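A, B and C label the chains in the order they appear, each numbered from 1.
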Amino acid sequence: MHDRIDARMRELGLELPPPLPAPRSRMRRLQFHERLIYLSGNGPFRGPELIYAGKLGADLTLEQGIEAARLTALNLIGVLRGEGVALDRITWVKALGMVNSHPAFIDQPAVVNGFSELIADVFGEDRGLPARSACGMASMPWDMAIEIEAIVAVD
Amino acid sequence: MHDRIDARMRELGLELPPPLPAPRSRMRRLQFHERLIYLSGNGPFRGPELIYAGKLGADLTLEQGIEAARLTALNLIGVLRGEGVALDRITWVKALGMVNSHPAFIDQPAVVNGFSELIADVFGEDRGLPARSACGMASMPWDMAIEIEAIVAVD
Amino acid sequence: MHDRIDARMRELGLELPPPLPAPRSRMRRLQFHERLIYLSGNGPFRGPELIYAGKLGADLTLEQGIEAARLTALNLIGVLRGEGVALDRITWVKALGMVNSHPAFIDQPAVVNGFSELIADVFGEDRGLPARSACGMASMPWDMAIEIEAIVAVD
């Protein structure tokens, strides 16, 4: 069910972070509708611990922002896996990358690329290239550096 | 068509605000696609009057933000009802809570919970727990405290 | 395939800007899922050149913001056309207008109307009135004045 994706992640030296705790709010980490799965906004956590806090352009370097986006991508994959979604059968449809930004920071695409590169590398160009938007937020929950929500489709 | 939801709202002591005026822009308050309904961003209005204006972390208390999110939830329900959608037959799929935020405000989830708690209480945990994102905006139309857009599915 | 829309654009004196270069990131300008097309966030570019940079309420006038939204609308149409989508057969389902905003700017709807008016004029009220949200961003990629993402449905 995950064999191809698991092998690819091992090949890339990627490991899923520990599972996230249950949401503190009355919401789902993902919701199904027909063949679509809507993923709630996720951030750069390792289990319960927020790893990257602060704003790009003020508190964090671009490199840290990219790492935060990579960790967020791994959490999104982890959420899908934790819910029993067959990773071998999904296609990434849409992603919204919300970057915690100082008003003068304008390089959100480079930050969100941390997510996009990882997803494309793991899922391949056929299934891992969603439509995407990147934008700069005034502030974010728990001051997290980035939040990414996504929609995937299951074959 | 709304019997179960109406009864539940009475039980909770909730009342829909007066209907919103027609949009000032050339847009729809909701748009149908197959079994999905896309709801435009709504805010804390009572009919034509904006009730909660200003930024969290500067102009408004957390409690006011939560009340703003609750009023917005009621407006979203009101829009569905006003368009003749059978409230007994909808499932909340996705919500995006955009909180008008001072750059240092990081408690957007607690604000958006005003929406989430109400929707879960009225529609039940089976149908009223969408995927969700919460984020902090630099500024908002008419300075409204919060804007929430959502997607619901009809059975 | 585009006859009706082409005629209408000529009638309105509208011309598509030169095609956008390929995305610099590993993403798609649009992604299909069944009858839906998800359009990535687009901005006020003319080919590779960003035409409107800066924040509303600080660097740009409302009129410039509206022009930026119009140009963005034309780019979205251009992306659909460039991918061979039959413009005569699409319906606009949802749009999110993200306006690069000074914290005190609160007239995002008037800016996004530049997009909405053009889409409604070209595609007609039946097909060109999506659900919509407008919001104010702290900052934007390449400092672009506006970014709009959209979902359209194909008959």
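Operating definition for what follows: contacts are C-beta pairs under 8 Å (C-beta built on N, C-alpha and C of every residue); 3 or more make two chains touch, one makes a residue touch a chain.
All values derive from a computational prediction rather than experimental measurement.
For the touching copies chain A and chain C, the fraction of interface residue numbers used by both falls below half; the interface is of the different-residue type. Per the C-alpha superposition, chain B sits rotated 120 degrees relative to chain C, a value rounded to a multiple of 5. One simple way to say how far apart two chains are is to compare their mean CA positions; for chain A and chain C this gives 25 Å.
Touching of two or more other chains is recorded for residues 96, 103, 137-139 of chain C.
Every residue of chain A that touches chain C in the complex is listed here, in rising order: 35-36, 57, 92-96, 101-109, 112-113, 116-117, 120, 125, 128-139, 151, 153. Residues 24-31, 33-34, 38-41, 55, 96, 98, 103, 137-143, 147, 149 of chain C are the ones touching chain A in the complex.
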